[in-house]
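Shared between the two complexes below is chain A, which has chain B as its partner in the first and chain C in the second.
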Partner chain A sequence: MNRTNEILKNLYKIGLVVMLAIFLLSIFYEMHNLDSDRKRYLSEHYISEGVQETGAINLVASVLYDYRGFDTLGEVTVILTAAAILSFLVPIRKAAILSNTFTIIVDQTIKWMIPFLAVLGGYLILFGHLSPGGSFVGGVVLAIIPILLTIAYGVEISEYKFKPSKKKLIEDIGAVGFILLGFLGVLTGSNFLASGQANFGIGNAGELISARLIPYLNVMIGIKVGAGLAIIFNSLIKEK
Partner chain B sequence: MIDIIFNLLMIFLIITAFFIVFSKNISHSVITLPIFGAILVVIFVILQAPGVALAEAVMTAGLTTVFFVITINKTKD
Partner chain C sequence: MEIPFVVVIILFCLGMYTIITKKNLMKIVIGFTIVESSLILLLILVSYKPGGTAPILDKGYEIVVDPIPHALALTTIVIGGSVTAVMLALVMKIYKRYGTLNIDEVRKLRG
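The block that comes next holds the complex of A and B.
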């Protein structure tokens, strides 16, 4: 009796998940995103005119930093608020170092990995408008470096290498610089954060210095996300 | 050939998702999460979305797993 009850309960859970899957699939089909007989004016415009208007080959970057710049500003504000609240609420105390005994292999592997991680993060940020990737992913790759140091050697070594005050300064530079770069659009006679309509030199699409404001916005978001995630991780690991 | 691989990966995705949801041991669920992410990365590459695949690889396999493991380590006692 008890056993059948258990089986019935499991079947009920699995049935719920399957029902949810069928429901979501029917919604996706109802939205007419999967068939191609509808006219999709906005996405057609982004795909066909995006490279000429913004100069960014990566269409995701052109949407994120030109057409939808305000959304990116909102994301930045969310991360800034989260990092500020975490570093404010979590009390500063001596951290309990994780008790892992690592061999020489782990030590040497981390020492060899960190320069490659730095180069990969820098590449992803700087070439964000030309290749897949972008500043958010590059910032996360850069934030992996202090996280790796924290996990391997403890939070004290990590905060000795990357001082918390300097990380906060870098994060503030990123957040404020994004807004100041947005005001460049106003200065050139257009809207806030407008780089497509403003009168900057567009350059040749495909070169590193092109696509108007997008590379500089990429750099700002990259250093901001990297410093913010490192602050969040170190604050959480210090909490007892 | 690529269709067979694609469908096989989708089936593996469903299996790992069910394992994550219904597993009793919470650390098994957390360690299965990057496997789910890795399968999803291959699916995104097959669907020709390398940007999303890169984001998925970095976030799921790298950052989220670290956060979850640290959280479990902190809350165990």
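The block that comes next holds the complex of A and C.
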């Protein structure tokens, strides 16, 4: 009796998932046909006018920091909230699972990788409006540096090099700086975070100093994401 | 119907199956990340155009893919990472409190 019950339960769960698959199939079929109807006025506008309106040739950056800059502010708040919750939930204790048993080859490799990672992260953030990548990716690359230090030498060395209080300060500077830069849009008589109207560093599209507020917003988001991820990783790795 | 969409559906259902059937909390977290990956793949597929390049309007590129789903995929990745981190912290707290990761055991111990 018990076994048949179990089998029936499993069949019920599998049936639920199969129903979900059929449902998704019908929805995705509609989505798949979306392209042929030419219903994407908004994307067409972004692709044809985006470079002239924002000055950034990377259209994803122009959507993230100009057209939908307010949503990016909310997105960054999610990281801030996650880091705050983690440093609140996870008790600060010594890490015991990590021990320095790496060979000298691993140690030296990690030591030599760190400068290159710093350069790559800085490049991705600074050229976010001109090239693939951007501040979120660059921030993650920067966050790898303390994570690698934690993995190679343990959490004490990593937190000695990058102090938690300083990381929190950097994260807060990123969040507050984003909002303060957003007010430049208000000062020029337009909306909050409207980088298209802020007359600030309009160069030719394709140069490093161009695209108005977008490079500076990129830097803010980059240091914010990097510091936030480093806090999250080091908080999770600490355990008794 | 094309094959990538079928792959997305298979991944999504695999993740949902993991979430609703497994008892181990770590496996449930893994199921959530599988579902999230399938959604990112779906966003990339929706924005696809035949012959399109990345949405960077440098000289000589005429056909580019749709930039909006790419921005949304970035949002999905960031929020998914944050949610996964918070879930893992909660799993750590539950393990410390109850000494087990099985949800049935946790329910039993609670009484």
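The criterion applied here is as follows: the second predicted complex is superposed on the first by the 199 of 240 C-alpha atoms of A that agree within 3 Å, B and C clash if a C-alpha of one lies under 4 Å from a C-alpha of the other, contacts with A are read in each partner's own complex, and residues count from 1 in each chain.
As a working rule, contacts are C-beta pairs under 8 Å (C-beta built on N, C-alpha and C of every residue); 3 or more make two chains touch, one makes a residue touch a chain.
Everything numeric in this text was worked out from a predicted model, so none of it was measured.
Asks: Contacts for A:173 in the overlay, against chain B (first) and chain C (second): which applies, first, second, both or neither?
Replies: neither
Asks: For A:60, is the partner it touches chain B (first), chain C (second), both, or none of the two (neither)?
Replies: both
Asks: A:85 in the overlay: touching chain B, chain C, both, or neither? Say first, second, both or neither.
Replies: Only chain C; A:85 stays clear of chain B.
Asks: For A:152, decide between first (touching chain B), second (touching chain C), both and neither.
Replies: Neither partner.
Asks: Considering only the touch criterion stated at the top, classify A:136 as touching first (chain B), second (chain C), both, or neither.
Replies: A:136 contacts both chain B and chain C.
Asks: So in the superposed three-chain picture, is A:71 touching just chain B, just chain C, both, or none of them (first/second/both/neither)?
Replies: second
Asks: Which one hits more chain A residues, chain B or chain C?
Replies: C
Asks: Go through the superposed model and pick first if A:46 touches only chain B, second if only chain C, both, or neither.
Replies: The second partner, chain C, only.
Asks: First (chain B), second (chain C), both or neither: which does A:237 touch?
Replies: first
Asks: Please work out whether A:13 is in contact with chain B alone, chain C alone, both, or neither, and reply first, second, both or neither.
Replies: both
Asks: Following superposition on chain A, which residues of chain A contact chain B and also contact chain C?
Replies: 10, 13-14, 17, 58, 60, 132, 134, 136, 229, 236, 239
Asks: Which residues of chain A touch chain C once you look at their complex with the stated criterion?
Replies: Counting only chain A, the residues touching chain C are 10, 13-14, 16-18, 20-21, 24-25, 28-29, 31-32, 34-35, 40, 42-43, 46-47, 50-51, 57-60, 62-64, 68, 71, 75, 78-79, 81-82, 85-86, 89-90, 130-132, 134, 136, 206, 225, 229, 232, 235-236, 239.
Asks: What does chain C use to touch chain A in their complex?
Replies: Per the stated touch rule, the residues are 1-2, 5, 8-10, 12-13, 16-17, 20-21, 42, 46, 49, 54-58, 64, 66-68, 70-71, 74-75, 77-79, 81-83, 85-86, 88-90, 92-93.
Asks: Mind listing the chain B positions that touch chain A in their complex?
Replies: The touching residues are 18, 21-22, 50-51, 53-55, 58-59, 62-63, 66-67, 70-71, 73-74.
Asks: Would you pull the chain A residues touching chain B in the complex into a rising list?
Replies: Residues of chain A touching chain B: 10, 13-14, 17, 58, 60, 98, 124, 132-134, 136-137, 140-141, 143-144, 147, 151, 229, 233, 236-237, 239-240.
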